């Protein structure tokens, strides 16, 4: 992952901010498990596991909090 | 999910803010598991699992924190 | 839950703020599992489960953080 | 718990703030499981469970964050 | 623990702040399980348990957030 | 770990900030389990465990929040 994948935390809308939060939650997984085929196998399991899906949602919530603050909550 | 589902974080009341937090906690699950029938099956299980319900409540709490800040805690 | 149950985040004392945090931690559970009799059954189990009690306390802590900020930490 | 147990979030030192955070982490457990004898039984188990001890520490960390902010990080 | 172990949240460098965060994450465990020999036994187990190590890291992250804010992120 | 590994929380880009967050999430593990060979063994297990990978991602999210604030969200 030497290319630029996160040039800014600014987004035009809250919804794009949320989508960025989802992306950020996935990058840490990729950096810890770089093998895409292993991740694919894991995904087949956890996408049918309610606890894992809720845990993913928790990570997204933390990142969304950061991105929302970075965008001054899209108030401007 | 190409339509607009999150135009703003502003709500009129704290209660509406809380309801928005519940919505945000669910979107990440939908984005990770897009198949509604799978989610329906999972829901039948986790809605009877205290640990899962508490975990959902935790995600809601994080999103509510973000939304409350975005609304300046409805002080205005 | 169409009635008003959260008109404001302001409370007179930190203690009332904490009690409101406990309330907020429970509402998400009610919204996810609306059947009171199911919740009653679950409660009989988790109120004797240390892990669940600590998890509940964690959700309360996050909500209390929000409510404390909303009240400017009751400094005024 | 009708008496006053949380009159203020202000403490003289960070250490007292930390002790208050420990107290706050326990109150939610008491409010969810009011029976002291049940809590005593649970405590005998979780105080020998590393996962539970770490989870308790996590709740304390969140409350300490709130209390530290309330005290302006004891900078004054 | 009647002596002074947390006189201030200020540290000279971010690294010292991180080390203080590690210390704070351990104090709550000590206050919940005061018996050093029990803690020693637990440690032998959890230091070989990836889930526990990650959970410890999570507590450290929350405390580091508090300490970083207390130090104005060492910008001065 | 007596050398300097965290001289500053400032980074030039959000992406470098994210990479620093990954680093910070690992340091607490190293400080709790200093034996590199034990960590290597644990890693072989948790890098194939979806729950552990999501938990790692959660720790990274908390650290990224701190680092993003420290950099004023790279707005300047």
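As written, the chain order gives the labels A, B, C, D, E and F, with residue 1 at the start of each chain.
Here is the rule we go by: contacts are C-beta pairs under 8 Å (C-beta built on N, C-alpha and C of every residue); 3 or more make two chains touch, one makes a residue touch a chain.
Keep in mind that this is a model prediction, so the values were computed, not measured.
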| item | value |
| --- | --- |
| Chain F reached from chain D - shortest hop count over touching chains | 2 |
| Chains contacting each of chain B and chain C, listed by label | none |
| Touching chain B and also chain F, the following chains | A |
| Copy-to-copy rotation for chain A and chain D - C-alpha atoms, rounded to a multiple of 5° | 180 |
| Type of chain D:chain E copy interface by residue overlap (half), same or different | different |
| Chain separated most widely from chain A, comparing mean CA positions | D |
| Length of the line joining the C-alpha centres of chain A and chain C, rounded to whole Å | 27 |
| Chain centre separation (chain B, chain E; CA means) in Å | 31 |
| Averaged-CA centre spacing for the pair chain F and chain A, given as whole angstrom | 16 |
| Numbers and ranges of chain B residues touching at least 2 other chains | 25, 49, 51, 55-56, 58, 62, 65, 69 |
| Chain contact graph, described as a line, ring, star, complete graph or other shape | ring |
| Successive chains around the closed ring, taking chain C as origin and chain D next | C, D, E, F, A, B |
| Interface residues, chain B side, partner chain C - complex | 13-15, 18, 22, 25, 47-51, 53-58, 60-62, 64-65, 68-69, 73-75 |
| For the chain B and chain A complex, residues of the former touching the latter | 4-10, 24-29, 31-33, 38, 42-43, 45-46, 49, 51-52, 55-56, 58-59, 62-63, 65-66, 69-70 |
